[in-house]
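Shared between the two complexes below is chain A, which has chain B as its partner in the first and chain C in the second.
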Partner chain A sequence: MVIDSLLAGLAFLANPWTILAAGFGLVVGIVVGALPGLTATMAVAVLSPFTFFMDAAIGIPFLLGVYKAAIYAGSIPAITINTPGTAAAAATALDGHWLARRGQARKALEMSLYASVFGDLFATFVLIFAATALATVALRFGAPEFAALFLFSLTMIAAVSGGSMVKGLISAAIGVFIACIGLDPMSGYNRFTFGSVDLMGGVSLVPLLIGMFALSEILIRSESLATGAADAAIGRERLSWAEFRAVLPTLVRSSGIGAFIGALPGLGAEISCWIAYGVAKRRSKRPQEYGRGSLEGIAAAESGNNAVCPAALVPLLVFGIPGDTVTAILLGAFMAQGLTPGPMLFESHGATVYGLFAILLATNVMLLGFGLLAVRWLPRITLLPDGLLFPAVTILCFAGAYSVNSSLFDVFVMVAGGGAGYLMRKTGVPVPPLVIGLLLAPGLENSLRQTMMLSDNSLSIFVERPIAAGILALIALVVLGAAARNVTIPNLFRVQWRFK
Partner chain B sequence: MRADLALSIVVMLTGAVALAILPQQIAGYGYDSISDMRSPVVFPAVSAALLMLLGAVLGLGTLARGAATAAGGEGTRPGIRTAAVFVIIVGYVAAVPWIGLPVASFITFLLMSLAFGYRRPLPMVLVAVGTIALVLYLFGHLLLIVFPVPKVTLW
Partner chain C sequence: MTFRLLAAGVVLASALGAVAASAEEFPSKPIRFVTPYPPGGATSLHAAIITTAAEPFFGQPMISIIRAGGGGVVGTTEVSKAEPDGHTVLFGDPTIISLRPQVEQLPFKADDFIPVARINYAPAVFVAGKNAPFSNLKEMTDYAKANPDKLVYSSDNVNGLTYVAFEMLKKETGTKMKGVEFGGGGPAITQLLGGNTMAYAGLPTVVGEHITSGAVKPICVADTQRWDGFKDVPTCTEAGAPIIWHFWLGALVPKGTPTDRVKRLSDGFGELVKDKGFLTLIGRINSRIDFQPHEEFAKTLEAERAALKALYVSLGKLPG
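Coming up: the complex of A and B.
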């Protein structure tokens, strides 16, 4: 029956304006995603009012194209100039830029593109065939389950801590502390704002990321006049079929993680990329290559973040509940078109819904086409001499950080992040755990405090709820497994806190 | 070894200072509410305490290992060029509200190019103008981002 409905939905693709709108949306999304500081949310929010006056078969495909292309395109500057275009591409920068600096930018960009398309396609099929089942599981997630899931996500810090677990934990603790700055969302009290109005909204994530990744890279590269990637052979080396086949299990696993995270309201591509990356490293036969140009790492991060896009539509379409900010805006766009998401949507507008599914599949093919055109030319960016590339990146960083809130304070945050990121890299303190701490702390704190309100400050609620108890058991297994593998008695006496 | 010891001291101090100023910085809540996990004090206090603890572990671990191990950082030795690049970036951010984005960006581009050892004036100027035009068009014209209006102008 689903196949029949899907085939009927393919009729949507016969409308050339639908294809044109989706294609234009993809181009806009690629530009927005590739510009540091501009996010998919911002683009969809700015552009959705224009679609109110269009036909649903044109407006909705346009917005879906923007959404998925922006998430993918964040990886382009992450790989070429070590500046994540969106927060969801931060994990991609770890391995992607390492390859770009060694003249393998095209290979990294191709891996990122194929992984994004694979993850998106996987999650679209999940949306088509298992939306109701997945949404039912997602709806059983309350505050205790989310708190447990956030705690599980924190275990990914071990995977991105590099050589020293203690330094990784220090980095994560700094991230958690920075996340506490600003107005407390539950009580409304100021925390560590020092009377500053700018700090009341907290420390913006994107400017901090731009500083920590891009500016710190510029400072590191200024230490020597070696021209880095420009010395390397032109980045023409392409991804081979054997390399793609080798990462297929990682792609399937990471896409599954992304699809599951996407279906859960409140989480997003920023978090799923780290979970997918951490799990992939833990399961990898070559974990030592992660952070040093691992194709598996790029595949995990990119399929993990792009799988979120279609999956985020699961709670929206099935129950009318937006899972994140972008789907909340999409909800408005759907309603403006007379489509009210919820259980009745499949009954009342079944043909339109399956038409949208067909468009989601078609935009993947188009994204692959546009992406292949882009990856042919983009590696040349890395061939620019440092003396031209880094000043241009600095100006782009300023514009990107400023445009997040049209605030100079965010630019100061970026510069401070650049200085701090440089010092962290010089002292061997890994930056990714800080990003994970910063991303997870608000969600963890809110869900934990909500849980404590539900249980009147009793932790027993975690044992009483089966899903939460299951996730906590999984955390215990992961931690004990890591400890058993890495901490030996002599190591403990030598205070060697290394979890490789 | 010295870098790791310095790092452990900075981390411990950061945690200690955060814990010391916490009652003033979260008005209405003190340490008396810390046993209540619903309190807004818990997370900042726990993260600050973790910083102190982890700083101490790092310091003790470094002392136990002795001088044999390095900090494991990236790059080579920072020199005058790194300091100059950082000063140029800070100067850029400080100059934008005064002389505007286009002029500040152009000056920054040239100074930074020189700091990175680039000496060909024509590509330098062309790429600088191209980058600034692209940024102004994409962010200012297409996305309607209003950049700071300069306080000092020639006209």
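Coming up: the complex of A and C.
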């Protein structure tokens, strides 16, 4: 049944304009994703009005191409210049840039490309064959389940804290604090805004990320500018089949995680990459390599974030509910074509829906092609002399921070983030826990407070609801498991000296 | 002497010329059309359609600027402080323009803006979950009376569309119900569909599809007449609670914008809403146009503000 419809949908691909539009979308998406500050959301928002007057078979494939290519391409600058092009590529920078600094940029870029395409393909098949089932499960997630899930995600801080758990927690706490700035999400009271209108909207994530990753990197590397020629190795080494096969289980697991998170409204690729990364590290045979050029780490982060793209279409197509900002904009683009997503869509426009699925599959193959072309030349970026690269990246930082919201205030946020990131690196406080704290705190706060309103401030709601109770049990298992591994009796006495 | 007079005359003439030119040539540069909410909502979707179709009616491109943050406060504040030359237009709605400046401490006031044109309006539609123990307004009220604070509804934001709709309903029916703020219409309806809450009130664009598919039960429409899309659903007044609560989208400019420019913009929007391509797109997103030019819109706003103030005074949330 599904196969028949899908074959019928393939007819959509016979239209050369469809393929051309999707291909053009992919190219635009790669450029947008690779430029820090230009986000997938912004690109789709700016471009969607142009599709209103186009044929659905041209406009929609174009937007889908932009969306998935932008999420993929965020990893390109993350690897080559340690600047995540989109927030979803932050986890990729940890291992990818480490490899690039050691002349293995091409290998890292290839890993990222294959992982992205794999994750995307995996989730597209989930979308095609299990959309309704998955959407029904996702709908059962109420505030208590989300609160439990956000709590579980916070345990990922342990995976990215590096040597010192205490410093990791300090970093995460700072992130959570920054997330508190702005209007209270439920009552609308001002928190830490000091009367500033700019702060009422909170501290923007993307400018802060650009500062903490990119600007602080420049500051650190400027210190050793005189000896900067040391990494002038040629990044030609390619990913071997053996290396790809070794990460295959990680790819499957991370894609599954990404597909599930994508189907849940409100989390998105930014959070999913960290969960995939953290889970992969926990399950890894070589966790000590994470943060030091682990191919598995790149594979986990990139399949975890790209699997979100098709999966986010699950609640959109089945119930007409957008899971994140990009799908909310896509919802508008669909509606402007007269294709109102929702329960009626499969009945009224079944052929178009399956045509869409066929396009999603085709764009994956095309993304692989475009990516391979780009990957051949991109490692050369790492060969640029520092005197040329650093000023260019600094300009990108400023332009990117400004362009997110066309706000000068965001530029100050970026600079402050750069200074803070520099100090943190100097003192050995890891940056990723801060990012995770910043990403998770708003969702955790909202869902926890909503839960407390639902239950009249009774915590028993968490054990009365099976899914929430299940997630809490999982958290207990993870924490106890980690404790059992690390805190053996002799370790218990040594624990205070283990902090650096 | 002659030279001086001549020079003064030249300066004067060129100054006059400049004034004349600026009066004739408005708009002389692209118009910034500011949406104070994140992309993806109803407001940004309407803004995208308006700015796509606007250029022929204004003689200049209209650029959609999305300036989200603080629940609309950031973008609105920016427009209130913008140059009042008619080139910066806010895409406003009743909560950010009429209600919140009256009941919250915000960096702008309601009369910091001059109304230009109302583009459309839609009433709030009350709906109940598929498994809720009530199917019409009377059963809903009875349930709420028998079980105070047990009827949990999905709300959007404090002083938001849904929030106000239920405050009106609670006041009219003398019941107690419990609202949980989910931050927006999307998450709010999702929680209703998932069975985590029992009721919701939202725009026809949000609830329409779910009413048709049977995923939610329609209760009543908060308007003076039944809504075109679902003629079977009674108005709230017919069902026993006289509630009228509209959500409009409209253009406003900062205080101090010259009246002739307000009129020029209002006329431009008036022509735009008759455009065939524009209407096709608006129809596709289940919206409908209900245009009001600037003077009429100003009167509507005045009445709306007074009604909202009266509501909040009677709720004890504002001093009388």
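Just so we're on the same page, the second predicted complex is superposed on the first by the 481 of 500 C-alpha atoms of A that agree within 3 Å, B and C clash if a C-alpha of one lies under 4 Å from a C-alpha of the other, contacts with A are read in each partner's own complex, and residues count from 1 in each chain.
What we mean here is this: a residue touches a chain if its C-beta (ideal position, glycine included) is under 8 Å from a C-beta of that chain, and two chains touch if they have at least 3 such contacts.
These figures come from a predicted structure and were not determined experimentally.
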{"item": "Between chain B and chain C, more extensive residue contact with chain A", "value": "B"}
{"item": "First (chain B), second (chain C), both or neither touched by A:M335", "value": "second"}
{"item": "Partner chain in contact with A:F24 - chain B first, chain C second, else both or neither", "value": "neither"}
{"item": "Touching partner for A:S187 - first (chain B), second (chain C), both, neither", "value": "both"}
{"item": "Which of chain B and chain C A:P322 touches, first, second, both or neither", "value": "second"}
{"item": "Touched partner set for A:I220, first chain B, second chain C, both or neither", "value": "first"}
{"item": "Touched partner set for A:N405, first chain B, second chain C, both or neither", "value": "second"}
{"item": "Partner chain(s) touched by A:M453 [first = chain B, second = chain C, both, neither]", "value": "both"}
{"item": "Contacts of A:V197 with chain B and chain C, given as first, second, both or neither", "value": "second"}
{"item": "On chain A, the residue positions that both chain B and chain C contact, one per complex", "value": "186-187, 406, 453"}
{"item": "Parts of chain C lying in touch with chain A, wherever the complex brings them together", "value": "38-41, 44-45, 48-49, 51-52, 64-71, 73-74, 77-78, 104, 107, 152, 157-159, 178, 180-183, 186-187, 189-191, 193-196, 209-210, 212-213, 215, 277, 281, 284-286"}
{"item": "Contact footprint of chain A on chain B as seen in their complex", "value": "3-4, 7, 11, 14, 18, 21, 25-29, 36-38, 40, 43-44, 46-48, 50-51, 54-55, 57-58, 60-61, 64-65, 71-79, 81-82, 84-86, 89-90, 92-93, 96-97, 101, 105, 108-110, 112-118, 123-124, 127-128, 131-132, 135, 138-139, 143, 145-148"}
{"item": "Chain A residues within the chain B interface of the complex", "value": "31, 35, 38, 46, 162-164, 166-167, 169-170, 173-174, 176-177, 180, 184, 186-187, 189-194, 215, 218-220, 222-225, 385-388, 390-392, 394-396, 398-399, 402-403, 406, 408, 411-412, 415, 418-419, 422, 425-429, 441, 445, 448-449, 452-453, 457, 494-497"}
{"item": "Residue ranges of chain A in contact with chain C within the complex", "value": "41, 45, 48-50, 52-53, 139-143, 182-183, 185-188, 197-198, 200-202, 265-266, 315, 319-322, 325-329, 331-332, 335-338, 340, 342-344, 405-407, 446, 450, 453-454"}
